[in-house]
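Just so it is clear, A, B and C label the chains in written order, and each chain counts residues from 1 on its own.
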Amino acid sequence: MLKVFKYTLIDLARNRFVLGYALLMLFVAEGLFFVEDDPSKALLSLVQVVMALVPLIALVFTIVYSYDSLEFTQLLAVQPIARRSILAGQLLALCTALLVAQGFGLGLPLIVHLPNMAALMLSFSGSGLVLVFTALGLLIALKQREKARGVGVGLTVWFLFVLVYDALLMALMFSFSDHPIEPFVVPLAALNPIDMGRILVMLQVDLAAMMGYSGAVYKDFFGSYGGIAVAAAVLLLWFVVPTLFSFRTFQRKDL
Amino acid sequence: MEVLAIAAPGDTIHVYGEVHEGTITIEKSVVLIGHDGAVIDGGEQGEVVLIKSNDVTIEGFTIRGSRISNLEDNAGIKASECRNTVIQDNFLDGCFFAIYLSGSKGALVEHNTVVGHNVRDDQMGNGIHLWKCNSAIIRNNTVRNHRDGIYFEFVTDSRIIDNISTGHIRYGLHFMFSHRNEYIGNLFRDNGAGVAVMYSHHMIMRHNRFEANRGASAYGLLLKEINDGEVTDNLMMDNTTGLMVDGCNRISVERNEFRNNGWALRLFANALYCAFNDNAFIANTFDLSSNGELKENVMSGNYWDRYVGYDLDHDKVGDTPHRPLGFFALLVERIPYAMVFSRSLFVSLLDRAERLLPTLTPAALQDEHPLMRQQEWVGKADKNNGNAPISVRTMNGRSNDMDHG
Amino acid sequence: MAEPRITFTDVGKRYGKLWALRNLNVAFHPGEVVMIIGPNGSGKTTLIKGLLGLVRPTTGSIAVNGTVIGTDPAYRQAIGYMPQISQFPAALTIGQLLDMMRDIRELDDASIDDRLITDLGLDKQLDKRLNELSGGTRQKVSAVLAFRSKPEILVMDEPTAGLDPVSASKVLGRAAEVRERGGTVLVTSHLMEEVETLADRIAYLEDGHLRFILPMSEILESTGQQRLAKALPELLVRKVATGANA
């Protein structure tokens, strides 16, 4: 696994897309910090960019890279090496490459311009989203034989997570606003990894407002450092479950 | 201390490093100055220093040991029905009430450090407590960890200047039925409920900082039933609610900076003839919320960091009005737990749509002349000439050093 | 003949509704080169992929050296595979790719056969990135990978496609060496002329069925032809006429 990881990472380190991603994030982050004279305001814009862009890029890149390296994956699969080692090495390399790119493009500007808890949380959830959507992208690529369809499924998944899920949940909240459905809506929102990442940053940014809200469920759920634990658990789950499915699929897949 | 009995009015008594135990009652006009750590310890008997004469000065003592009581407001220094009392440079350490003035005229309370012992609510009195006083000056004191930091009831024509009031269970500063007072250049931070000004008129509030007052009913500043007031050049930062205005008339809120609050401004619709001009609203979760229309009030020339208009004629004023009351703020008023969707893509799309085509938000509530950039001088609450320079860690991690001249 | 090296027993493979391979029973032995031919879609690739462990048979089993292929990848240590590959990891160099494969196979210098690197003129191009290579050079890299570990089973997919005649004959020469030292070589090719001189037996697949597997000499003898390309049509007509299935 480590050998596959090592050489895949060497390949990814010189991948133009990965470099482009790092530069794009750097450009966006630096641009926002430059345009806004107030760094904490730039952070708020950055939150929205990260929550939309990171899942999209992780998904699409992973899917495209998986299809493009299919022949090479075949070559690896005929070597005396277990399939799970191949997949683990590739997944790990993809995650590492994207995380490093993001650390450079997003983490660095945050450390320079705004070294605080909210920025730390943004880096943390951004990293979590990279892991989650790389895992999902890999699963999609393994499940769909055609590249175009794979990318299509990826875009659909992204759209569901980034917009449709919240829209449905808010519609639910509206239509049952007279019923005590808070205990359902809040945990449901937290099930979406993008929402979870956003809530984590928001618990820092909107802390003042959050403390004005006395809802018990809310507090139980995200209270103090419990929020980070819940978030980490949710993100981990979203990483582990698709990855397990990926391993199962890859183990039986005809290459 | 026995010398007090033989002193003549007008004498000055110097006390060097002595620990006095028990209550001291001063019934003649003397100047009492402590040196080298002079201590007066009431020994939990009741009052510690009781002033019953005009023209008394207490200076330079450490005062402690007033008894906690449910029946009596025992204080570290209490003056009743006196004129021209001066209390300065003392350290009031863990008193039930620290400085208690009732019916006094022309008192000066200056350069004291007042620290309560943070115990239960009912075992804690106010730091500097004034009842039925007038023409008092409370200046350059540091007050920490009491129930109310500074409390005024039926106090008129007095000034509260350059004090630091932090970590109190209830209010950092609390006015009840107190008129024509002003407080300027103070710092109120991390108090259970912030600062409350209630049932008073002709109040001047300038150059103060209201910071980090958080909780379900915590405000930077709560104005309740206030007529004719002026809230100018203040900074409201990191509060659950920056400024709450309930039942007020003719208040002018100008040149304040609202930064990083949950709600910058909460207005009840019963406000009349209030003006909200030239303020800056930055990085608040909500800039404004209200429970109705605000017809007789004006709002103009503010800087809103959420404003997305343009300035084609380059007069630094946006060409389209700004509607500070967003769809999401209204939603959260109705369904509080909707907060979980704060800053999500869907919500920001809805908010943007609402600003373009208002259907839910009241039309009257808008700033016709929103500024494109924040004015330099807005919210500069830096006139604090308090005791020692203190560094305040803010939420966004930068430290704001206060200039204490 | 000795114990077979590779045995296909009742092997069938279905993709969706389509059977790519049906009821295949065949054995390949040490010291022989078998050329597998047939039209596109006849099942050649599936046969090879089954042996390589890339696809799992729907029915039956494949055994290498007497052991049925399962999830244990160890048997592939014996296999050298020369694929037709168009996309290597773009940013790796030839040298890095060779290192990677050596690391994965855990080869030491003694067990490596690197003669082809110099034979094919790759030694001066080790620092070139794989995405800068021509199709021919990629094919050479592919060949090096296959021979490097001195395999006892060599699988070559269209080995001469894209190679210049000199390189092609060098590659085939190495394949002959594998046979000489007792290896089993399986070759699929459309370019029969180049490979037939090497082949000991010819397997012909059609629609997933093995139509026949016959010694080269027997084919030429029975048809009286010198070249496989001429002998094959004749043989197929005859087989259809007699209705025989191998």
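Here, contacts are C-beta pairs under 8 Å (C-beta built on N, C-alpha and C of every residue); 3 or more make two chains touch, one makes a residue touch a chain.
As the structure is a computational prediction, the values presented were derived from the model and not from experiment.
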For chain C, the least number of touch steps when starting out from chain B: 2
Centre-most chain, if every chain is reduced to its averaged C-alpha atoms: A
Between A-C and A-B, the pair with more C-beta contacts: A-B
Centre-of-Cα separation between chain C and chain B, whole angstrom: 86
Rounded Å distance between chain A and chain C, as computed from the means of their C-alpha atoms: 42
Complex contact set, residues of chain A against chain B: 38-41, 44, 47-48, 51-52, 114-119, 162-163, 166-167, 169-170, 173-174, 177, 182, 185-186, 189-190, 195, 198-199, 201-202, 204-215, 217-218
Interface residues, chain A side, partner chain C - complex: 3-4, 6-8, 10-15, 68-72, 74-83, 251-252, 254-255
Chain C - residues contacting chain A, complex: 15, 49, 52-56, 71, 73-77, 79, 81, 83, 85-92, 96-97, 99-101, 103-105, 145
Touch list for chain B against partner chain A, complex: 214-216, 218, 238-241, 260-263, 282-283, 285-286, 305, 334-349, 395-397
